[in-house]
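Here come two complexes built around chain A, the first alongside chain B, the second alongside chain C.
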Partner chain A sequence: MSSRRPRWGRGGLLLGALALFVGLSALAGLGLGAFEVGPGAVVEVLRAHLLPGGSTPSPIVDAVVWEIRVPRTILGLAVGAALATSGALFQGLFRNPLADPSLLGITLGAAAAVAIAVLGIGMLDVSHAPLGLTPEVLTATRPYMIPLAAFVGSLVTLLGVVALASGPGRLDVTTLLLAGIAVNAIAGAVTGFAIFLADDAQLRDLTFWTLGGLGGASWTVVIAVVPLLLAGLAFVPTLARRLDCLLLGETEAGHLGVRVEATKRSVVGVGALLVGVSVSAAGAIGFVGLVVPHLVRLLAGPGHRILLPASALLGAGGIVLADVLARTVVAPAELPIGVLTTLLGGPFFLWLLAGRRRGR
Partner chain B sequence: MKKIHNLGPIAVLISVAIAVVFTAGCSGSAGEERPAKSEQEREAKLRIVTLGGGATEVVYALGHGDTIVATDASSTYPEQAASRASLGYYRRVQAEGIIAQAPNLVIASDGSGPPAALAQLGEVGIRVVELPEVENLAQAKARITILAELLREEERGRALIAGIDEQLVKVERALSGRPRPRVLFIYARGGGTMLVAGQGTAAEALIGLAGGALAAPEHQGFRPLTAEAVIGARPDVILLTSGGLESMGGVEGVLGAPGVAATPAGAQRRIIAMDDLLLLSFGPRLAEAVTSLAKSLHPEVVS
Partner chain C sequence: MSLRAVNISVKLGARAVLCGVSLEVSPGELVAVVGPNGAGKTTLLRALAGDLAPASGGASLDGRSLRSWASLDLARRRAVLPQKPSLGASFTIREVVELGRFPHEDRGDDDSKAAARALATVGLGERADDPYTQLSGGEQQRVMVARVLAQLDAEHDEPRYLLLDEPTTALDLAWQHRLLRLTRELTSAGVGVLAVLHDLTLAATYADRVALLVDGRLEVVGETSAVLTETVIERVYGVRATIVEIAGSDLRLPLVIGGAPPPSSPARGANHRHNVEQVQPLETRV
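Take a look at the complex of A and B:
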């Protein structure tokens, strides 16, 4: 036991530092934007909504902070934590450093469904409403079609991949990986065909979707999405020790008393929930799920008890910080967040890698 | 020593976050006067944000161009519109960016979004007017009427529509009884991606008004171009947007595209290009667009 204590100390320090990072990022998320609001006004708005008996500075400031920035920051924290955690989970499950949330076909499956939805919405003649739907119903549901398509698409691809990889009584991880790669290719082809048919506006819709964005954030979205993500994240700590054992190999983990099949299914289920829900709310934000767990491993080693929570924190803070920049760098316009996560995360990761090589 | 070295990168991240928060503090305190000032302004006069090039053109034509405070990236005409604050691509605007321009009216073309952003504008008390889709003459006139009523410029709106009607009747008279050349509209995006316009597109409506016939009438919307489809359509004229012509490498590039050389249009080198916004926005310059296209299709009649 005593040999482990220094690692916990280091891990604790890392988690503390990351928590500070998340806190600062959230402050930036609430305080910064195209519309100028003083720090005092932000605090006043938060106090008015969270504590009894406060008053807000003005209706506009109130709406900007409470209706736009707060839900956006909360959604960013939840999506960032979910994407990074699912990346760590899948890398642990596959014992493969190249694994990321898109490996099981979940992200591209969602993208293919979104492509079909985008084209479908374009082709849909509202005046000849099918299925007995009124034009009003169709117009009203249009905004929800893309998130819904993303969620259904990710779910369908995941179920397909898992069904393919399920033998009698066991889930074969190698088949899971191969099926995921094949499904990715098929989904890519479907998306490609949709891009071929798309007109300029639809093409742009698709491109922007694949770069992700938190622009759809509102309290409605937060209430629909964040509880699901929190439920998934709450389950993750119970997987940490079992994933550590799985790193030794499935048989060895079994000898250590780990219920291997249940663990694999839990990891796939939780990971898919986190990715599917995130993707439907914020599009396909790239890079975070792949690189955040690697960053943490470079700093704290491969143990999942530190890796999982540290990834969640780094992902949460990183996404919110990237979103602050996305909203402010070209204000009053907005950059797609995927551009920033990759543009900032990439060089940072390379710098760490170079430092590690020199350190040896 | 090793521990400290390992936490170095996190320290870098934290200092970046601190820097960003610090910027927030500074810029925030400097700009605290702004909301109050903008509330005074909104009492005084109209401050409009337009999303969509066609809508922007109509607002200018109705004489309210100077009240536009910000617009989207597609609003490139008239030139003054391009100098306004740009909100980026109209389907992906951010609510806060618009609110920061302190508008009291947002005119949103069909497809503006994301829907959550438009809803948030409403919550702040900014009036958002969403326009219906505009892909033919009737819809183009309806948009002018809607905006004229909105801006209390009914007189100018009626004059604008009457002017368009008058010019279109003139074109129609000149063309009556003339054979209608078959026109193929190629929507090129460069990189070898070319689409052909079918029924229900703005291109079809414009070609019809200018005394042409759509050369690919059997399909709806846009379809990818293939050599055989081009030959089968037997176009007398090929029409593109100027941007599209450029992306295909000019007239020679179009003639070199698969199938084009074997069509009447290819044999007679009848390739026409028109400004993207003029051709497809169906704005107040609609009559101008129709006349210009009619001149190209029937050079001997329309002057």
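Take a look at the complex of A and C:
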């Protein structure tokens, strides 16, 4: 059994190590920040809320950990897993390691849709309650309208970019990346126009979505967003083996019994859901989907049965750690996390490009 | 029980690539498809694999139209070896071969044993953990052959079919013959094989029947010795050939001697024939 699939052994080890990494990152996310909380106090707060009969160390510690850092960490884990997984999905589908939601324009496309939605909701004349939209209804549905807008935005940009790049027979990756550049520019302009129209409060919202960050985390956001991401992530393992077959080519995958068109639609749908919902809650955090799967592939090979869960874990822990960094390096101010990931991911992308030109 | 093309016509744009071709592959026989470049051999194979929608006619497997088969059921009965494998991902050899087990993965067969058997058959059992991308073209082709063998390795006894598109192109002389002997072992085990081949000698040595395609039409199909005659080869390929009887066997193999004048350019053709009549060795001429 041990000789059966050597990478299973290595893959299993990697998954175990990554699970540990996620646990430690979460602990760091809960304990570190402008207000430091020891691991013991963190555990006490968690026990007080999750198990009957515990007591919290102090109201302040309780508020910082339970009301601010727990939702923030949960959101970070979910968003990181979603972004890294979507990158791995797109790279498998397009058979190209450069495919990434931010490079394909999906991330900023979703951000632009969010900008339009924020302005649109703001401009609705609620005094007439159009379409039965009373202020109460609007307030109640707002946490769900924004994710919906982001999902539609990411799906539309993804389908648009793919349609542009689909020649007869095959998807042209160069065109795909070029279309991504164009979409990024257009989405940037749309967002810029929205910023021009926005009032001060909306402006802060829009800047946040363009740069990305976990500062908007709250239990409301977690409850609106995390179940959607978990549903998307739960569907991903069913795609793993089919994506392996797709690496042989679409025709060959079809000969192996893969329903290619259905698989492509599933990947596109799930990928757009993961990116769109992530962007709606945490803004445009770039390059996670590029860097994380690539690192996993170096460690465990290209098989998706390991690649997908390992990317999810590394992305989850990575984003939480990046958030800790963003909160502490310029404390008490906060660096937008998207700035941080792009600063790390951009050079990595250039390095990948240079490697490809040298022929690997 | 057969894999059958019925009156298939295929158009690429306005050009008719296949015109009303009918062909049947029964379990246990090796049918070679031969013909000049652009005759429609690969198109016929792709139509039989269900990769393209014919303008008219259709393909069926065991009496049912290809399209009515569920993709997994079809993959359990029929494997296809593509002309040029393209796989850039850094799988190990074993992982590539195990992809062939995809249609069987929830059937309770021992997939890793099937993959190991297939790898041993193509002589790569010892190197199962090497990266696929570092192999030579011929070795990669052997890995793909193993993948197809693993796909056909079923403990269930549905009739099975194998489509090979120019399987010998990247292989050296020894492996060309080993591959076709392997194919004969498959046919003895009841697999029906259709192979697109360029080498008429290989076709004559191993095939039960030969189908000759010319300009998208099925020129002739039948017993190998009846199809591959001197006159047919000269007419279709424009080369001179002679049929050699191999002593001690019942093989009659075509031996290609040299070029004949292409009808469109008499001057160059005359020159060419001159060369042939002098029977100069090829090497010294170049």
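Here, the second predicted complex is superposed on the first by the 241 of 360 C-alpha atoms of A that agree within 3 Å, B and C clash if a C-alpha of one lies under 4 Å from a C-alpha of the other, contacts with A are read in each partner's own complex, and residues count from 1 in each chain.
Quick note on the criterion: contacts are C-beta pairs under 8 Å (C-beta built on N, C-alpha and C of every residue); 3 or more make two chains touch, one makes a residue touch a chain.
All values derive from a computational prediction rather than experimental measurement.
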Chain A residues touched by each partner, larger count belonging to chain B or chain C: B
Partner chain(s) touched by A:F235 [first = chain B, second = chain C, both, neither]: neither
Touching partner for A:A217 - first (chain B), second (chain C), both, neither: first
First, second, both or neither for A:I68, with chain B first and chain C second: first
Touched partner set for A:R95, first chain B, second chain C, both or neither: second
Touching partner for A:G254 - first (chain B), second (chain C), both, neither: second
Which superposed partner A:G303 touches (first chain B, second chain C, both, neither): second
Contact footprint of chain B on chain A as seen in their complex: 10, 13-14, 17-18, 20-21, 24-25, 27-28, 31-39, 41-42, 58-61, 63-64, 67-69, 122-123, 142-143, 196-197, 199-201, 203-205, 208, 213, 215-218, 221, 295, 298-300, 314, 317-318, 321, 324-325, 327, 330-334, 336, 348, 351-352, 355, 359
Chain C partner contacts - residues on chain A that touch it in the complex: 4-7, 95, 241, 244-245, 247-249, 251-252, 254-259, 297, 301-303
Residue numbers on chain C that touch chain A, as the complex places them: 49-51, 71-76, 78-80, 82, 85-92, 94-95, 98-100, 102-103, 105, 112, 129, 151
Contacting residues of chain B [partner chain A, same complex]: 3, 5-7, 9-14, 16-18, 20-21, 23-25, 27-32, 34-36, 39, 70, 73, 85-89, 91-101, 111, 113-117, 119-120, 123-125, 187, 189, 193, 195, 220-224
